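Same chain, two partners: chain A is paired with chain B first, then with chain C.
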Partner chain A sequence: MKRILKTVATSVATAALLATPTMAEEPKKGGTLTMAIQQTPRHLNPAVQSGTATGQPGTQLFASLLRYDEGWNPQPFLAETWEVSSDGLSVTINLVKGATFHDGAPITSEDVAFSIDTVKANHPFKSMFAPVETVETPDANTAILKLSKPHPALLLAMSSQLLSIIPKHVYGDGQDPKSHPANSEGVVGSGPFKLVEFKRGEHVILERYENYFMEGLPYLDRIVMRILPDESTRAIALESGELQMSGFESNPRNIVRLKKNGALRVSSEGYAAIGPVNWLAFNTKGEKTSDPKVRQAIAYAVDREFINKALNLGTAPTALTGIHPGSPFYDATVEAYDLDIDKANALLDEAGYAKGSDGMRFALSVDYGWPAMKPYAEYMKPQLKKIGIDVAVRSSADFPTWAKRISTWDFDMTMDNVFNWGDPVIGVHRTYSSDNIKEGVIWSNTQQYSNARVDELMEMAGATNDSNKRKELYAEFQQIVANELPLYPIFASPYHTVSSTSVGNAPDSVWGTSSPLDRVYLK
Partner chain B sequence: MSLGKILAKRIGYGLILLIAVVVLNFTLITIAPGDVADSIAGDMGGADAEVLAEIRSRYGLDRPFAVQLGRYISSIAALDLGYSYFYNAPVTELILQRLPATLLLVFSSQILAIAVGLLLGVMAARKPNSFTNLIVTFLSLFGFAAPVFWTGILLIILFVAIWPVFPVGGMMSASLIDAPWYEQWINIAYHLVLPMVTLASIYLALYSRLTRASMQEVLGSDYVRTARAKGLAENKVFYKHALKNSLGPLVTVAGLQFSAVISGAVVVEAVFSWPGLGTLALQSILARDTPTIMGILFLSSLVVIVVNILTDMILRMIDPRIRAD
Partner chain C sequence: MSEINTQIKDVTNIQATSSLREMTTMFFRNYAAVAGLILLITILLFVFAGPWLHTTDPFEMVWAPFTMPMQEGFILGTDYLGRDILSAMMAGGQVSLAIGLAAALVSVTIGVSVGAFAGYYGGLVEELLMRFTEFFQVLPTLLFSMVIVALFGASLLTVTLAIGVVSWTAVARVTRSEFLRIREMEYVAAARSGSARDLYLIFKVILPNALPPIVVQANLMVGSAILFEAALSFLGLSDPNVMSWGQVIGSNRPYILDAGFAVAIPGFAIFLTVLAISLVGDGLNDALNPKLRQR
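For the complex of A and B:
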């Protein structure tokens, strides 16, 4: 009970904090927000489809149990209160009263149980709800999750697009939820906005749900999400005022240009939970790259500062580990491999690869899977030549070609960008766990890295709710992988949310534009 | 040969071509490394082995290639374009949603290119050393040399960023979804201007040069001299005698170019976020959504074949010499 009181108390306190700036600028009701999303979503139901294309409209249509603020604190959403038992094996959720789906039916604990089951069976991130054994529903407003072990990722997995509460009376009709017609048309959601029209390649139009369970929200009448894949088109539309907001903007040149525009607000907040980290991955079973000394030498030879200054134009935060720098578990004290060509050469000599008469030691290839990664891969060629490695840049015609090559371990090195997805249990373990070396599965442990202690640390950190303990465990984990270096982290993607200064309460929470935009308003 | 016989022959060739297009493209797409399961996993930020296996078995991607091809051909023969793996919707529905936008873009830009190209070509041919001729030469050089995406971006920078008179992209303002049809049409026309001009620019150059060259050739021929000698008014000589005879090459080329227009539309649609078949094709190719790619290829080859047959027929109508063969 203490826990419940605490959560209520913190939420009241945060609500007060949140209210202060909004007091100064009274949020106005009404208006249409036109924003961009970058590709046509497969459909609009995040319960069975991950990814940002579905997540941005999906989190408007479907509410989750919790939401998160700027400081990683869980806030009540459909769950008014939640209580984790002291042994961590049971989580009791009390739903807010009077919440309804867009067809008017009440949102009950049955729907929560159904949603968790659906996500567990269909969502690609199996680690989110794997320890959830059953969901009990003693009454319409209470759901009790029974766990096989304490599961620290659970609260994050109950937020944003990771757990959409979907109506059992619609999706429980026996059809496969992955291809259910109500995923794209006539969506019956639980969130602040309902679907007006989804036109593939054109737009998703959303409209305020009048009976939304949060009093007085949402402020906006409508959100038009235009599907604009071309980044220059989006930049010009933001400048001309045709667009009022766009998330996931990542072209450094455009960001620098848009930042100079006084009518726009360009913010890097809102991507800590998605947690995109860019790295140079090694095939640790490769002929040359199996030697940690070779990997370390390459890391010493790559100038992270040059990449961040010249290629990223200062728009991207440095990332030293596979955990995103915005995460509470990030450890900035690991070996950073600052540029040191002499040390790199010495390491390669030590590894037994002497320079030949032409100054070269051996050849390696570096892959990249999509255009944004190309400059970094190409940078490796002249840079690693300095330490006698002859790098061939290998491009792939499209994403599936690259994914096939990397996931079948047909590579030496590759540029990659992998998302943390909230808690390390969901998006970080998969990269390092030796259980997850799976042929043909992209973004599994494609480095084929295996270390028993690392496995053990991840397992312990994934089975305790004590966040101090977890910090310690993840710190040791990060130290080890920074030394053995199955991959060399370079930077976090320069994602930015660009919005017009006329947009109030721009989404800066850890989930950014993939969170309900119910408090956003137009000045 | 009678018209009916020729038509039958042409249709026969067309069918063989269609089958070749289907088999070749299906083979090419399938032998490329990776498949739609990989692209769905990429879109979702990762997936596990079970999910991938489930996607592959659901769409029959784990079957031998011959079985997959056989299945596809039999469904195409039944005029069923199949089901999109990526969008979870019937391909026919996806294509029909996008087709009007592409047809509007393609036909309006072709009409613009033919009309203006013809006008400029004729004007230039009439006064070979005039300023108009210079403009035609310049425009055709520009149209040939400038890549279409570059022209598009240039127009966006000029008419959206610097001098904001046109919208940056899309087909219709989303705020008008409840508006009466005429308001929607006006809005669509307004959105159409830049992509139409961009796509027309290449063909405008081609058509004006072609008209000028063939007009100049015809104007130098004996029968024109005869017409002038017998005292016909210059306008009559020019438009009635010369122009009609110089149209042949233009019609042939315009018909042949039709396939190129469709591929040009892919680029223009991407630049202007025009919600047509081109954007769908691009997305499906990147996603390895075989049924959708195949559906679009099938349909566009069909259109090209039909347009080529029509071109033949039009040529026979305007040029009696072909009819005589």
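For the complex of A and C:
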């Protein structure tokens, strides 16, 4: 029923979009959009740097081959057409003609091949292009990707910040692309906006590229991205009109307050591909937490309803599995572990941990890595006391301290927030796959979970383009991990894009503000 | 001979008692100080005797989050997790006061040692110790204590030590100046001529006479240590498993615009406590410092 509603909603939305030019006002050209990003990007080249701090300015500077709409449909971008062979082992891409880099040089298939090689060699998400063996370039406008196996995540990996098309004549000079000077200064991009100034801790200023390959776009003259780490500062600046847009707003109190403001549009659309899921992770090799019964008992004792109502104020959707609820592969029929203290107590009794004379069974610690996660960690202490677990909240002085503790498996439980990055192959497999148990790497399989069937299911789902088949495989996968529970998913982070009502075509595609803002305009 | 000695001892005792009595009278004649003392005793009673009457666990979630004070039977309301703020104020007060006292003790120990040696020996020793003191004095104290807590982890012990380590300089300077004055006194010269050893002179002869301003200073330290702990907790740098007033402020801070009372109540408690301690300290200062008695 939900799915049907969604389809209806999508078609209504599409109809509305199609009708827009005749019904509503024409998008206007010109103007400066002032928006916020939350931290200083390490640099501006998403080809060799993950994260949305780089992604938000990076996708303005660099175009990708495809873009995605609100309904997960790939749309032409630098690739005018694309064709996947029936065996799934070759993908032919025809580039749009007349596209140029910001220095005027034409964008050719050579650049596409170079970009894919660079991303494959340098980007932290190794699974994105791992099956790509070679990129053939029969002519300047055609690139043919040869794969070792069908790769369902490939099209998504060609969109937004995951595949920036970078100029070979700039980055192919032999310097390490990760520390190339053109990553932050004098950037020669391929996207709708070119770089004017990048001042660390202050702003990134972008300006319309006049010879952009999409006719009549972008609408905006300039985008000023101010670097504002403090959420209250951003909220106040949005209210005063000093800022016209800010993505990735996640403080429930601010969201509820800004929603009441008639001059602002607050939307949770645009994060389905980023796919942030918050969970309570267990160390499955921990003394107590190695027992699935203990993990299940904790899940039954945690009241997801309370967390979503009292701590998230209803701003965050419930998440039952490691796959984001906005993903087409999400399976909502898994065991939800709704609050049941009696069952939790029974499970712990069964596991052999009887209550002591003081009503307690054993002690566990819970970690959190950054301030926004603290309330959830603090909640565990009184809540798990109800089933006789004495929880100590462990704070870390900074993010690296936490990341080190978790990635070296020095923990019992931790609150965490991990991104799906579009396709499960990119962002979900890493959490569960037994060959991704890597000491020292945060957001690898830090739970040290290992199950042969789960590995097999992920491998199969990652090697077929048949989406119905994949849905089945991921459904079985989600059922298994929901029962064995290496981590207990609680909610999808309440990311919202806040924009002034004077902003037209606010970015609602699955990549949100981390996608080209060439259609955004000021009314 | 021994008879004479006893007589002298008696005389000193009488003098001590009378000066204590005089001091007490002085103190109680100062209405502000008395008000401070009454306030302090009330706070101590609330914090230490309160939990006998009100037994709710401060960490237990007892009701809906942010229940307003005086509603649903919660005198001070509930916090963002629905925990009873009244219980948190009692349990948190014990911790805040304990940290205040312990940190003051740490800083007095360091400060008195450094100041005493500097003042007594003078010369190169003084030069070195006072430069050392100045080094600590110019460090931004809050930042420095944050670094210590960040390095060694957040626990009650590290927080207490961090506060103590950054706030001893004032005590050191007061102690040094007292020693500089007292070491020239005749009775010190007399003791020295009796070939008393240095440590005996420092701790048995000079220190007891230098105590009054140090006691006042230490008393004020307790207040500032409580404030310090609150600041660290506010920044999320204290042990989250221990309830303190600063902890209550820190964990409810993100919700200040929606439920200001959860932050205002512990803030007011800190304000009252520090005020009470300052008033008492001021009264002690007047009572102990004979020069100011004519004021």
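One rule holds for everything that comes next: the second predicted complex is superposed on the first by the 500 of 523 C-alpha atoms of A that agree within 3 Å, B and C clash if a C-alpha of one lies under 4 Å from a C-alpha of the other, contacts with A are read in each partner's own complex, and residues count from 1 in each chain.
Note that in this section a residue touches a chain if its C-beta (ideal position, glycine included) is under 8 Å from a C-beta of that chain, and two chains touch if they have at least 3 such contacts.
None of these values were measured; they are calculated from a predicted model.
Looking at the shared chain after the overlay, A:N505 reaches neither chain B nor chain C.
In the overlay built on the shared chain, the residue A:T318 is in contact with neither chain B nor chain C.
Looking at the shared chain after the overlay, A:N451 reaches neither chain B nor chain C. Contact with both chain B and chain C is seen for A:A397 once the two complexes are overlaid on the shared chain. Legend: residue contacts after superposition of the two complexes on their common chain; A:P371 is shown touching chain C, with no touch to chain B. The larger set of touched chain A residues comes from B, when the choice is between chain B and chain C. Look at A:Y379: by the touch rule set out above, it reaches chain C but stays clear of chain B. By the touch criterion defined above, A:G201 lies against chain B but remains apart from chain C after alignment on the C-alpha atoms of chain A. Overlap of the chain B and chain C contact sets on chain A: residues 397-398. Touching chain B in their complex are the following residues of chain A: 32, 34, 39-40, 42-43, 49-53, 124-126, 178-179, 183-184, 196-197, 199-203, 205, 224, 226-230, 232-233, 236-237, 239-240, 242, 397-405, 407, 418-419, 421, 427, 430, 438, 440-444. Interface residues of chain B facing chain A in the complex, by the touch rule stated above, are 32-36, 38-52, 86-89, 94, 97-98, 153, 156-157, 160-161, 164, 167-171, 174-175, 177, 270-273, 275-276, 279-280, 283, 285-286, 288. Of all residues in chain C, those touching chain A in their complex are 57, 59-61, 64-65, 80-83, 149-151, 153-154, 236-237, 239-241, 251, 254-255, 257-258.
The touching residues of chain A, when paired with chain C in their complex, are 251, 253, 257, 310-311, 371, 374-375, 377-379, 381-383, 385, 392-395, 397-398.
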